[in-house]
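For reference, the structure I am asking about is given below.
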Amino acid sequence: MTRQAQVHRLAMAGPSDVAPIARLIEAGEIDPARIVAVLGKTEGNGCVNDFTRGYAVQSLRAMLAEHLPAEALARLPMVMSGGTEGGLSPHWIVLSETDGSAPGADLALAFAATITRALTPDEIGRSAQVALVRAGVEEAMAKAGITRAEDVHFVQIKCPLLTAERTLAVGGHVVTTSMLKSMGLSRGASALGVGQALGEIGTLTDADIGVNFDLWSARASASPGIELMACEIVVMGQSAAWSGPLRIAHGVMQDAIDAPSVAALLGLAAPGAPLQSAPDRAIALLAKAEASASGLIRGARHTMLEDSDLSSTRHARGFVGGLLAGLIGHTELFVSGGAEHQGPDGGGPVALIYSRSPEVAPA
Amino acid sequence: MTRQAQVHRLAMAGPSDVAPIARLIEAGEIDPARIVAVLGKTEGNGCVNDFTRGYAVQSLRAMLAEHLPAEALARLPMVMSGGTEGGLSPHWIVLSETDGSAPGADLALAFAATITRALTPDEIGRSAQVALVRAGVEEAMAKAGITRAEDVHFVQIKCPLLTAERTLAVGGHVVTTSMLKSMGLSRGASALGVGQALGEIGTLTDADIGVNFDLWSARASASPGIELMACEIVVMGQSAAWSGPLRIAHGVMQDAIDAPSVAALLGLAAPGAPLQSAPDRAIALLAKAEASASGLIRGARHTMLEDSDLSSTRHARGFVGGLLAGLIGHTELFVSGGAEHQGPDGGGPVALIYSRSPEVAPA
Amino acid sequence: MTRQAQVHRLAMAGPSDVAPIARLIEAGEIDPARIVAVLGKTEGNGCVNDFTRGYAVQSLRAMLAEHLPAEALARLPMVMSGGTEGGLSPHWIVLSETDGSAPGADLALAFAATITRALTPDEIGRSAQVALVRAGVEEAMAKAGITRAEDVHFVQIKCPLLTAERTLAVGGHVVTTSMLKSMGLSRGASALGVGQALGEIGTLTDADIGVNFDLWSARASASPGIELMACEIVVMGQSAAWSGPLRIAHGVMQDAIDAPSVAALLGLAAPGAPLQSAPDRAIALLAKAEASASGLIRGARHTMLEDSDLSSTRHARGFVGGLLAGLIGHTELFVSGGAEHQGPDGGGPVALIYSRSPEVAPA
Amino acid sequence: MTRQAQVHRLAMAGPSDVAPIARLIEAGEIDPARIVAVLGKTEGNGCVNDFTRGYAVQSLRAMLAEHLPAEALARLPMVMSGGTEGGLSPHWIVLSETDGSAPGADLALAFAATITRALTPDEIGRSAQVALVRAGVEEAMAKAGITRAEDVHFVQIKCPLLTAERTLAVGGHVVTTSMLKSMGLSRGASALGVGQALGEIGTLTDADIGVNFDLWSARASASPGIELMACEIVVMGQSAAWSGPLRIAHGVMQDAIDAPSVAALLGLAAPGAPLQSAPDRAIALLAKAEASASGLIRGARHTMLEDSDLSSTRHARGFVGGLLAGLIGHTELFVSGGAEHQGPDGGGPVALIYSRSPEVAPA
């Protein structure tokens, strides 16, 4: 027998609106004990003082506590990404398992999660984090029954950041004293760990992290959270040990306006069809967005990095979000910012979870 | 003999960077006496306290004063639209005339500008403004040699707004005491005047302005400016009295993610070609963007109207800008915000100036 | 025997940091059953999309649920005010009762809370809300044993606002369809109700609310919250039925730079002493701040109302907060924005809870 | 015969409103040939993309070009500081000379300006800039007839910053590749140069700049501008070679709420008088404001450094501006942000230009 992946994409009326998930649990459509991870796109600024992430996690945890023992709850990854700029729409993505049919000819969507040990503050943004994430990805692949690196299509990581208190706790032996910078370095180290696990990147040193952007993973997506010291890792890919109609694929946007790469990816869900022809089969789209460090997009100046009123990450999410929504035809897209070592400068990985059969629509 | 339209799209390094235009004048490529209008997309917030518009106009005026008599300069429309959110790139669009060839079989791009008399503050946002704009559009059509309303594809208007001082000057008999609201009502009244001139809209009363959004023009684009009391009107269309390779067409985005309508329009420049295949032939794209008043995009909630940190107009420009840039393949797009009576709620008009012949690239 | 008022002002490390209150409950210093109200100054933007208020309330409620029956918890006012602009510091203010000594010669600090019935959406911002608040203030005065209106020095109200859903529920018969505007009208109606209860304001009609700013209360402070439909009212004053060292007084800032009025108030805590001489005795300062609608402060232009990047309420809180902190010598000040009918245009009420005896410092 | 200092503080209706200065020139009250410097507080965000500074300078330059030869105009310092947060009011401060009376017993206000040679990009933020500023201050002191360092009370500097282009021009051999960081380092190096010239600071190395904040000047105020590569230096102090009623003094705010230091300074203009008693005699107040790097003000947390929606410099200007306006009684205050090596962490220098005789009010 196989496992079967379920992906529920659910509208969120606000950071504390966990009712849509609760309803599916009560209806028996989601078995809380078999939830692998919950992702959420919340409506804060996605930067340092975005409290919508913590608020959503607190709300989720309170609701799930009625269904899960504390120990299981503590191990469940809840990856909130702030920022629904432009027309993006706040939503949950619940990844869960159910029993599958006998193994088929195809590989089907498969996923699993793991949590590394807690990092010490001096490990954040350094090789130690890279190594821990690498091992974590390998462990999660094994749990998901994904045997080949090429069958991994997206790895979502929630990683720690540095605060003044944490810096003090290790006598200041940290990679940076800037909270904001530590977010970027933690994202970058996480992505490099993914790249190593997937064979995209070879050996590296501390000096490469946050500097040598020639090293990048096409399948990593990392978001920092102040509330944890470990890295929570969710590996998504395809495996013969799973069945059902769901599939996953990925592409890489080479820059912020690389619509052709995304269109090619969406073409998997609806081969030969025009724009927006399969919004129902394109069940979840996960992408990274960022302002190119060069200050240019195809030679034309952008102003994202000089805007002191509005963070470049907010600019980038809204802009790339508009492109993606235009191609796919809906706005519940998991676009997150800060793409250090996650795709090329100014671009980023994009993954699509889609249904092979037209009759299967998202919940 | 005919006239021939020239459209130069030029990168702007900052609001005072008029050097690219000056160079073309010095090189003889633009005859300053035959400039019809200058549009600019500047990098301010596009809202009340956006001083990049005035700064750009002051810079432009100082440069052109070396080439034009004061009287001509005073009559030249300079339409600055603030806001290059996301990856949008600040740029100038210079519309000028040159001598054309003998009339051909096709209609070619044609444009002309006019300026209404100064409005009194109590006329702003009311039927009086609608009537003045309507007459102005008709006058500009005649100047451009555009004989049929259906041959008009875009009307760009710069219109006045109310300030405390102006309100006082008419004893408070104004449509609103809110500066921000007056911007929306002035845009709306301008758009309704365009719609009447083009036969899209019938009779209306003051009570329709800013209220009855069933009334809209598919070809109007209005931006308010604090520095004027008249309406500056630039009509763009096609005419047999003009020749050359340039053409114009328009479409309407039904909502903020209506990529198919835009793709259809771009298909005129490159029939049957895939995405981004004709960035060079798509010479200028002019569009309006706004957050839908319903709070929804295809049933999914957006957060633009509840974001007290970031104006909904900034959200909308970046989001729609991303979609447009993805389809066209470059980021120098004239996307402006605030689309009252300009296209349906949450959508807006889009016009494309393109070159019929592949060999003609933008300057 | 009398009651005795306790006021604990406690630093908050983030919206979910209820630990300082929990510690005092565990230490027996606060009896949870005798908490009258909890105020909080949280670090969001204080505007529509400020989720720090809801997050703080959810955190507080979860912690107090371990100590209080659900019914008591439901009746406990939790008034969160977002916005710690400038150097303001997030903090809790816990108002609780304990047993007092025999009645003394002086009146002492006294407070009580009440909650009105739920308003219907069409009552918000109208006379019905004024009347309900008026009755609620009278009820809370009776509970607090405050017999004369002149002995009331501050009334903090949390009031409802309109949303699209609520507007729909009453068929659109609401005072405004703008969520932001409904916040102002609800604050204003609440303040007018306080003013009537305290004899500051006579009869009025719907047309006065949000319009006739000659009507104002010197002792009202209202903040809207999306999570309630009733008005929560906390009356603070002085009563012979209470004892202990705490006192309260109020003043009115006539404009945003009216330091002399505040200095006079602080002089009660430290008569004849220089600036900042009694930060320990000035236990809690509660103030309203707003940008003057005239656009002027003593004849000089301010830019708060034209700043499209930053809400005028954020400007005003930071600016007035700087003045207050400079006079008092610390930054844990409950400064809230939006002062419709709460003090004169551009100014606002200020209340000081202070200790009569120098030896009594805040917790 | 002596020189006499004139200081005109003039309201500015917008960045291009130079009319108030033009009127005084036309009225003969200001001799354009004897203007020493023009300072301006403009209403932008005071950060990277604040175009109100350039707009104001362009406007000023165009107006003064009618009165001054190009060479003189090029040498005239125009120091625009963006940011009028809270109730601060945009204004000009024009420093000019006129003929004085015979030397008196007192020292009187004296000022002079100088401009260093253009820096190369690799000198910005390094010891070379420190040395150039030091020499410039000494030169300006000599021009102003100020013979002792202790008679200098404020040195306002406009200094260059790094851009991508400038960085490229020196092969990347710059102190930082971040534009924003280069602003801080340029301010810091400028302040250290002032400190050395005034004997407040001894020798130092590149490693001290932007790092060793124990080194600071009590009289330096630096603001970077993208439009220049030299440092423009305006020294203000007192000299026996000048006469008239104007005087200058300075203090240092030890933190952001240090009202007593400011009150002591204001007491010079109105000895023994209460708050706000001499707004007319307090002719110009110049101050620096910043968020303390410790994240604390007197032990209480501030949120300025974690606010990703609003720059800490904007927070700090509004907050300190409120305190200063409350003490002095008007809002035309030259408060600028970014106080590296300018006063202690979180505090900053404050200078007051005041009139000795009560009858002399500002223009």
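The letters A, B, C and D name the chains in turn, as written, and every chain counts its residues from 1.
The rule is simple: a contact is a pair of C-beta atoms (placed from the backbone, for glycine too) under 8 Å apart; a residue touches a chain by one contact, two chains touch by 3 or more.
For each chain, UniProt lists the protein as follows: A, B, C, D = Cyanuric acid amidohydrolase.
Computed from a predicted structure; not experimentally measured.
At the interface between subunit A (Cyanuric acid amidohydrolase) and subunit B (Cyanuric acid amidohydrolase), two copies of one sequence, more than half of the residue numbers in use are shared by both copies. Relative to subunit B (Cyanuric acid amidohydrolase), the most remote chain by averaged C-alpha coordinates is C. One inter-chain figure worth recording: subunit B (Cyanuric acid amidohydrolase) and subunit D (Cyanuric acid amidohydrolase) are separated by 41 Å, centre to centre, where each centre is the mean of the chain's CA atoms.
Here the spacing of subunit A (Cyanuric acid amidohydrolase) and subunit D (Cyanuric acid amidohydrolase), counted between their Cα centres, is 47 Å. Residues of subunit A (Cyanuric acid amidohydrolase) found to touch two or more other chains are 43, 45, 49, 303, 309-310. Chain contacts in this assembly form a complete graph, since each chain touches every other chain. In the complex of the two chains, the subunit C (Cyanuric acid amidohydrolase) residues touching subunit D (Cyanuric acid amidohydrolase) come out as 11, 13, 43, 45, 84-91, 256-260, 262-263, 274-276, 291, 297-298, 300-304, 309-310, 314-316, 318-323, 325-327, 329-332. Touching subunit D (Cyanuric acid amidohydrolase) in their complex are the following residues of subunit A (Cyanuric acid amidohydrolase): 45, 47-50, 164, 179-180, 295, 303, 305-309, 311.
Residues of subunit B (Cyanuric acid amidohydrolase) touching subunit D (Cyanuric acid amidohydrolase) in their complex: 14-16, 43-44, 49, 51-52, 54-55, 58-59, 62, 309-310.
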